[in-house]
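Letters A, B, C and D name the chains as they come in the text, with residue numbers starting at 1 for each one.
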Amino acid sequence: MPQFLEHSGTSWKGQKVKHDLSVIDKLDPRLRVIMVTLFAFVTVLSENFFVLGVGVLVGLLLALLAQLNLKRTLRRVIAMDMFMIFLVILLPFTTPGEALFTVAGVSASKAGLLHALMILLKAHAVVLSLLALVGTLSATTLGHALAHLRVPDKLVHLLLFTVRYLDVIGQEYKRMRRAMQARAFVLRTDMHTWRSIGYLIGMLLVHSVERSERIMDAMKCRGYKGRFYLFDDMALGADDYRFMALFIPLLCILVGLNFL
Amino acid sequence: MHIVDGALAVPVLAVGAALTVAGVAIGLKKMDYDHLPQVGVLSAVFFIASYIHLPIGFSSVHLILNGLIGLALGWAAFPALLVALFLQAVFFGFGGFLVLGVNTVNIALPAVMVYYLCGMGISSSSPKVAAIWGAIGGAGSIVITTVLVAFSLMLSGEAFLLAAKITFVAHIPVMIVEGFVTAAAVLLIRKVKPEFLNIKERCDAV
Amino acid sequence: MSDKPLIEVRGLSYRYPRRGLVLDKVDFHLCQGERVALTGANGAGKTTLLHLLVGLKRAKSGEIIAFGEPRNDEKSFIDVRARAGFLFQDPDDQLFCPTVLEDVAFGPLNLGKSREEALQLAMDTLASLGMAGFEERITHQLSGGEKRMITLAAVLAMEPEVLLLDEPSNALDSNARQHLIDTLQTLPQAMIIISHDADFLAQLATREVTLENAKLNPLATGTGINVISAEHEHA
Amino acid sequence: MSDKPLIEVRGLSYRYPRRGLVLDKVDFHLCQGERVALTGANGAGKTTLLHLLVGLKRAKSGEIIAFGEPRNDEKSFIDVRARAGFLFQDPDDQLFCPTVLEDVAFGPLNLGKSREEALQLAMDTLASLGMAGFEERITHQLSGGEKRMITLAAVLAMEPEVLLLDEPSNALDSNARQHLIDTLQTLPQAMIIISHDADFLAQLATREVTLENAKLNPLATGTGINVISAEHEHA
């Protein structure tokens, strides 16, 4: 992952990413999770370029409907691309088959190129729909949606705790890093750097665990008995049915196209 | 280390998902509600570690720290890492959605292995020995993770062989850095809050 | 006003693993209408004592009698926590909901109030502290003084009978500090106040006790020790 | 003593994304031998100003001239950080090594000292602050006052020409606070001191500036403004 992305996550508050309210935000969170899961299955399991092409278009359309912030989304998509860039570039050269062109004496096969393209399409279709449908939820709401969908209670609580501490620990990390910088610390490729960063992480863990204990105490003092309350009810409304009426047939058509 | 959607073969996805479900189930069983904050904190630290870039010559690597997380959590590393990877995938588009199972196994299984392999070592009475085991845990977990990533790729097609090999070689610097960083972190925690690495209990058990 | 103490402690001892004895057979009581200053050097064990009172830590020996009943297991302390409002040393530990309103309503909800009641109570409490208009603010983005007032609102929304305040004036600027003093002076609850700020305590406390070498010693401020002082100024 | 300022700031502005302008064309200078009190309400932007001075945050507009040279990129600020010692608001943010000695030696190591030199310097600094014997103590287990003194030692071990102190007396008990005042009074460095504690500032500062509505206003304390006051008591 490239350097310029550093800290884009540590400033995330675990709350709703700031964006303009859109049609997507009117939908029931549970529905959004289920739909994105179904959509991911349909695209990832497909081997048909037409289906995948439509899948990417659907992903783009959802992103538009969700009014995702262009710059931020682009950054995230590029970050994902970084994870597979190797894979995709190498595939044409390592897949046997009819040669299409040659680079430095190594020939690229058509089959490999198509395979690479397929991976690209699938990954982008999924990531766009995911960012649009689920990435626009606040993490807390997502946790509650998962709880309603019968994800084990402990796992949901763990998610909620993680989200709560992300910001606290992120801030703490930043403050400690600044304090190190203020003492003329510069990152280098040497033992001193690694030891210092190791200490930093160890201390961050110790602080974080102790803070987590204090937060737990504070919650107990306010009568916490293992339950979080949320002010938004989850009930399917007219918008949800309208969305389903459009989306489910679309998914069916996409599945059907595979068998043509 | 994250693999994206679309790259892996369906059987690999299925096996990954099944293993993750099993691992998470064991982890949740071993973790009681009072442990939740601690596990949540480590999950958050894993998340943040991926933003810490250390320079290596002209390039840079980011930390993964699954070794340290394993040493602290044991089986609970499975749910902790699943949650972190899920949040990364959903909110940042790191990795993918259906490969979540494979990605979790690749990162959490080494964590659990390190817990059993190096747990005794880091509670040694000599700080030097403990640091060495910490380094083995830190570097070792990355070695195992890269091997698992390479395996998941290779099982999905012959054509991925070269990519798998390159992945391994490219991560050698990460292994070195993680080794040193984990060793230092273990040294510090041993001194400052030994109960956090379960060191007391392990000593008593011996 | 009954003279039976709200909270009474007899022979309470506590030790930390590597630190040794922090509290050594401490006796203490808090009566209706009192505002007791709890002072002592850094690390004397003041915060620890408050934690013991509400059962967040468990004493190694000694008795705690709160609201007329002896308390010794988690279950009995849950009732204490509902009736004693604890303001933590660091407000960041205490604000765990995204918005102010949710945070203030968290306590009442846990006490079994309905959502409407809880929200109403939260809004009323905020208004009574002069913090109306903060309902939708994000807790993380408040200033130090604002955070302090919100945590106080969160605690007061539970309608506690006793307040336990751990260094409430820390890092507050002089306006925020005065606003806090004025607010606390109007509250009817009995309080234990930890603070290093002598002037702050002088304006609030009716008596003072000091932790030193793990022992709790009474210290006279104003006219009386162990009795409600005459200058006690709440309405 | 030269009268060229050590640190000079002209027209400095800074804004936070959701917060708006925190500093609006601020002018400021710090001369040799001065101890400037920086006051202002919670959230006025005091900490932000200090961060800007050493380049931990980057100003949107304005000039910073430190030690005779204009500073505007990361590289030039590294030199500033080596020469200006920054004491953070919360000592816990600053202590990250397991033992006191390692922590104090961290700064000198960053300045390129050898391991032996750094350790020697660390021990000397601790001794000069009356903290000899703390070398092997575990930083995390120190009391608030001790932590503060260790962070001060860590900063002084870098032999800075200027000290930037962010609420150094916070949460200190009265003994620790007085020890800190006495120590700071003997130090020759010019300082900027943020604090809400009027009495603490009265014992240390030679002049005072206040941040209000994003503007920095001078405020007279003692005899002079902008000149080294006569009561200045360091040796």
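Keep in mind that, in the parts below, contacts are C-beta pairs under 8 Å (C-beta built on N, C-alpha and C of every residue); 3 or more make two chains touch, one makes a residue touch a chain.
Per UniProt, the chains are A = Cobalt ECF transporter T component CbiQ.
Source: prediction; values computed, not measured.
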| item | value |
| --- | --- |
| Pair joined by more contacting C-beta pairs (A-B or B-D) | A-B |
| Centroid spacing, where centroids are CA-atom means, of subunit A and subunit B in whole angstrom | 19 |
| Chain centre separation (subunit B, subunit C; CA means) in Å | 42 |
| Overlap residues in subunit B, where contacts from two or more other chains coincide | 187-188, 192-193 |
| Numbers and ranges of subunit D residues touching at least 2 other chains | 97-98, 140-141 |
| Interface hub residues of subunit A, defined as touching at least two other chains | 164, 196, 199, 202-203, 206, 211, 215 |
| Chain-chain contacts as defined at top | A-B, A-C, A-D, B-D, C-D |
| In the complex with subunit D, residue positions of subunit B that touch it | 187-188, 191-193 |
| Footprint of subunit A on subunit D - complex, ascending | 51, 54, 56, 78, 81-82, 86, 88, 90, 92-98, 106-107, 109-111, 140, 154-155, 158 |
| Residues on subunit D engaged by subunit C in the complex (per definition of touch) | 18-19, 40-44, 89, 141, 143-146, 167, 170-177, 196, 198 |
| Contact footprint of subunit D on subunit A as seen in their complex | 172, 175-176, 178-186, 192, 196, 199-200, 202-203, 206-207 |
| Partner subunit C, residues of subunit A touching it in the complex | 13, 15, 138, 140, 164, 167-168, 211, 214-215, 217-225, 227, 229, 231 |
